[in-house]
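Here is the structure we will look at.
Note that the chains take the letters A, B and C in the order they are written out, and that residue 1 is the start of every chain.
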Amino acid sequence: MFRYVFTAIGSAAVACAMSMPAAAQDYPTKPVTVIVPFAPGGASDTIGRLATQIMQPTFGQPLVVENKPGANGAVGAAELSREAPDGYTIMAASIGTLGINPALQEDLPYDPREDMEILTVAVRTPNALVTRPDIEATTAEELIAALKENPDAMLFASSGTGSSDHLTAELFWQVTGTSGIHVPYKGGGPAQTDLMGGHADASFQNLGAIANFVREGKMKMLALAASERSPDFPDVPTFAELGIEGMEVYSWQAFAAPKGLNPAVKDVLVTSITEALKSPQATEQLQKMGFEVLANSPVEADAFVADEIARWTEVIKAGNISPEG
Amino acid sequence: MQGHRTKDFWAGVVYVTLGLATVILGRDLPMGSAARMGAGYFPTVLGGLLALIGAISAARGLLRPGEAVPRIHIRPMILVIGATFFFAATLEWLGLAVALPIAILITASASSTFRLAPVPVVGLVLFTVFCVLVFVRGLGVPMPMLGTLFGA
Amino acid sequence: MDLLSDLLLGAQTAFSVWNLLYCLLGVFLGTAIGVLPGLGPTATIAMLLPVTFGLAPETALIMLAGIFYGAQYGGSTTAILVNLPGESSSVVTALDGYQMARKGQAGKALATAAIGSFVAGSIATVLIAFFAPMLAEVALVFGPHEYFSLMVLGLAASVVLASGSLLHAVGMILFGLILGLIGTDVNSGEMRYTFGLWSLADGISFVIVAMGVFGLGEILSNLENETERSTVLTKVTGLMPTRNDLKRIAAPVMRGTAIGSVLGILPGGGAMLASFASYAIEKKASKRPQDFGKGAIEGVAGPESANNAGAQTSFIPMLTLGIPSNPVMALMIGALIMQGIQPGPSVIQEQPVLFWGLIVSMWVGNLMLLVLNLPLIGLWVKMISIPYGFLFPAIVAFCAIGVFSLNNATFDIWLMGLFGIAGYVLRKLDCEPAPLLLGFVLGPMLEEHLRRAMLVSRGDATTFVSRPISAVLLILALLLIASILAPQIRAKREEAFQDEE
């Protein structure tokens, strides 16, 4: 009986080997894994799932989202960089994984530009300067004046050390010549809660995440770190309008693949991902979540990521921020 | 007097070891001050406390009569824990459908009632099929049904 | 009255055929998942999230909520039958529930859990309906100081959980606190005790420690005396609680419901304190505290009610503020966002169908669970009469698969094995695993809130007592510790006298 089993297994193995894709033009011939290096329910997960869901009908093969959370995306990203560049494993990750980790962590087990090809920067959402509802300052200028009067006094909540909102606060202090106390939290939720409860004074949060709180008067929004005003909050100025340069900060999500992808395969992936993101269905849903669809080309995406890494490396250096304390 | 063979004594030794290890491994972490505690503050305090508790427990074990540590059965431990390690090591390579039944057989052999008979083997096959259907197919847990060894 | 029309709207939604079906599907799946060791609601909901995209938002949320509280029911079943707590709240249920099962009272323990949970769930649902918007404000009152003091109270309560030596209880709590340090330090972003392993950067999951120390540890000690175990389980007495039992559990259920409802509202980890706060209270209130840890029915009834009430009220911060109080709630927020609904204070006004439909469906779901679970008890009890030689390999297999599914990583299975060895050896030394697990859960929060509180108050420690809520919590913790130490000191004296004789 065992002989039959082995024969069966053997022939199955041979069959599998023979069905291996011989040429890139056949791509895709088997399911594609989309690594999301964060827990389900987060922004990267949502983007990954939304995009693959829309890609699915025309892609020809199933797209399977796999959550591999850990170390702000480092665990999943390291896994991606070890995979074969055959187009059957890609990743949907965030500014933290691709833009900040390389600037912050010394012994990172991957390099987003050496080990990976950025397929496209999918979406972005600006960070907004928000405060507790009962703070005296009603404009960003007043807040900055108060900060200058009392240096190292105001509590800036962030969703964690080295998070995009922490670094935005750091950048804000650097460009305005002010200072404050950084109070890190475990994720955006608790930080926003303490801000609403008045236990912290100010914070930089993703516009999409706090839009409703601002509308309900649970937080005050003083300025937007974007290139232009948000149509939802036409009264809130951008930092550039206030004469504060260099304060354009977006949180973004991007798709990446292991380095050395066959150009034809890369083309298929980039086209189907960007088309999915640009579809009216996705654009509308993403807009509701506060995201602006970028869906740029691989060349633009790579340059963008390079700029981000350089920029945050500088902020981290100037702010003397390090995970070593 | 059972002295150094009591449970209290050995539990104390374990606590002291863990406590000191915590302090020593964390010696490079910045302590900070009570107002602005560094990453090393809490671990050092906790490690020190655990070592203290351990010292008290060990002393109690030496000074007072207590129960002796019962025999630690090595064979079941090696088989059961070894089976989980085997499963972890071979899951990608063999896949769930192969790694799981082998791991279960290793685990089961830890029991004194273990023997290979037709009924348990059928049960094992059915259980494996159940797990593949429920976890891989039903819930979509990303573990391969057949691993890289079989070309998947 | 407005509430009446709101509830009517909710009833219309919840009792529509599809929503009833999805609610049933949710609670059924939840129960099934909860029963399987290692597989929790977080992993399940994560996997089923894409399925809900095609549903109406209220239907999706009703089903996901059903999975969540269904899994709580199922989780207690495993904790009681095989001493495998799948989440922090069922650690407490396992303490006395498993001892009842060993005495042949598994049926009674399961029924107690089911009835307690139903009563608690029903009351908590009413609370949500009447007070949700008001209660949401309570959540905002709690800052770092209050949370720290709450965690201190929780630590004091976890000492009560140990049935053996006080010294070892404290030792194991400290060990648990230290284990909880592993991973990235929230306050500095620095990695501690990760030994260069990125897989440890986010710390060790509770489930891994629980499956290893409780599950594998228990199996290893059972393997030593297999023959003994089978004889213990032959005499199964009464499946259902007697009238007398019901009388005994009435007060614990009510107290548990009250504690659970209050703690569940706090998004910063209140719900997980609920079950052991309740256990501590029952043990203190009982005339026979020595029975606790040896199969006291109150020790199952109180914590189970507290747990379920907390699970229900933990929806309040999610629905009214858009704040997730646990990973499951974070997933539900994710599901809502995918549906184009931004959770927040406006949900009640803008999505009345969703809000009230969910609330009514929670009660319906709890009823379904009761109806589903009571008849199943007979089946469960039969299941543990399966020869242990067949049962334990299956448990190990489920644990390994379940642990893998947490992060989809085999690394976690290795860790579970290591914790299995630790659990077995510690058992030999009379070191109880329950305080270890509670220390492990509380540790990171204790440190996080303490350091944040010190930062926020610029190093002024007096703020812990000058803030009223924080002060009250600390006083309660002090009283609790005093009440633990008092009999201990008395016993020491008596012991000393006996030694002299």
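Rule of thumb we're sticking to: a residue touches a chain if its C-beta (ideal position, glycine included) is under 8 Å from a C-beta of that chain, and two chains touch if they have at least 3 such contacts.
Because the structure is predicted, anything quoted here is derived from the model rather than measured.
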Exercise for the section: Name the chain with the Cα centroid closest to the overall protein Cα centroid. Expected result: C
Completion exercise
Note, CA centroid farthest from chain B's centroid sits on chain A
Practice task
Determine which two chains are connected by the greatest number of contacting C-beta pairs.
Solution key: B-C
Practice task
Give, as an integer number of Å, the spacing between the C-alpha centres of chain C and chain B.
Solution key: 22
Problem - Chain centre separation in whole Å, for chain B relative to chain A (CA means) - result: 36
Exercise for the section: Could you put a whole-Å number on the gap between the CA centroids of chain A and chain C? Expected result: 32
Handout entry: Sites on chain C at which at least two other chains make contact
Key = 187-188, 190, 408, 455, 458
Exercise for the section: Note the residues in chain A that touch 2 or more other chains, in rising order. Expected result: 66, 324-325
Practice task
Would you give the residues of chain B that are in contact with at least 2 other chains, written as numbers and ranges?
Solution key: 29-30, 38-39, 140, 142
Problem - Complex contacts: residues of chain C adjacent to chain B - result: 39, 43-44, 47-48, 167-168, 170-171, 174-175, 177-178, 181, 185, 187-188, 190, 192-193, 216, 219-220, 223-224, 226, 387-390, 392-394, 396-397, 399-401, 404-405, 408, 410-411, 413-414, 416-418, 420-421, 424-426, 428-431, 447, 450-451, 454-455, 458-461
Problem - In the complex, chain A residues that touch chain C - result: 39-42, 45-46, 49-50, 53, 65-72, 74-75, 78, 104, 107, 109, 155, 160-162, 181, 183-186, 189-190, 192-194, 196-200, 208, 211-213, 215-216, 218, 285, 288-289, 323-325
Problem - Complex contact set, residues of chain C against chain A - result: 45-46, 49-50, 53, 139-144, 184, 186-191, 196, 198-199, 201-202, 267-268, 317, 321-324, 327, 330-335, 337-338, 340, 342-346, 407-409, 448, 452, 455-456, 458
Fill in the blank from the handout: Per the touch rule, the chain B residues reaching chain C in their complex are 7, 10-11, 14-15, 18-19, 22, 25-26, 29-30, 33-39, 41-43, 46-47, 49-50, 53-54, 56-57, 60, 67, 69-70, 72-73, 76-77, 80-81, 83-85, 87-89, 91-92, 96, 100, 103-105, 107-108, 110-114, 120, 123, 127, 131, 135, 139-143
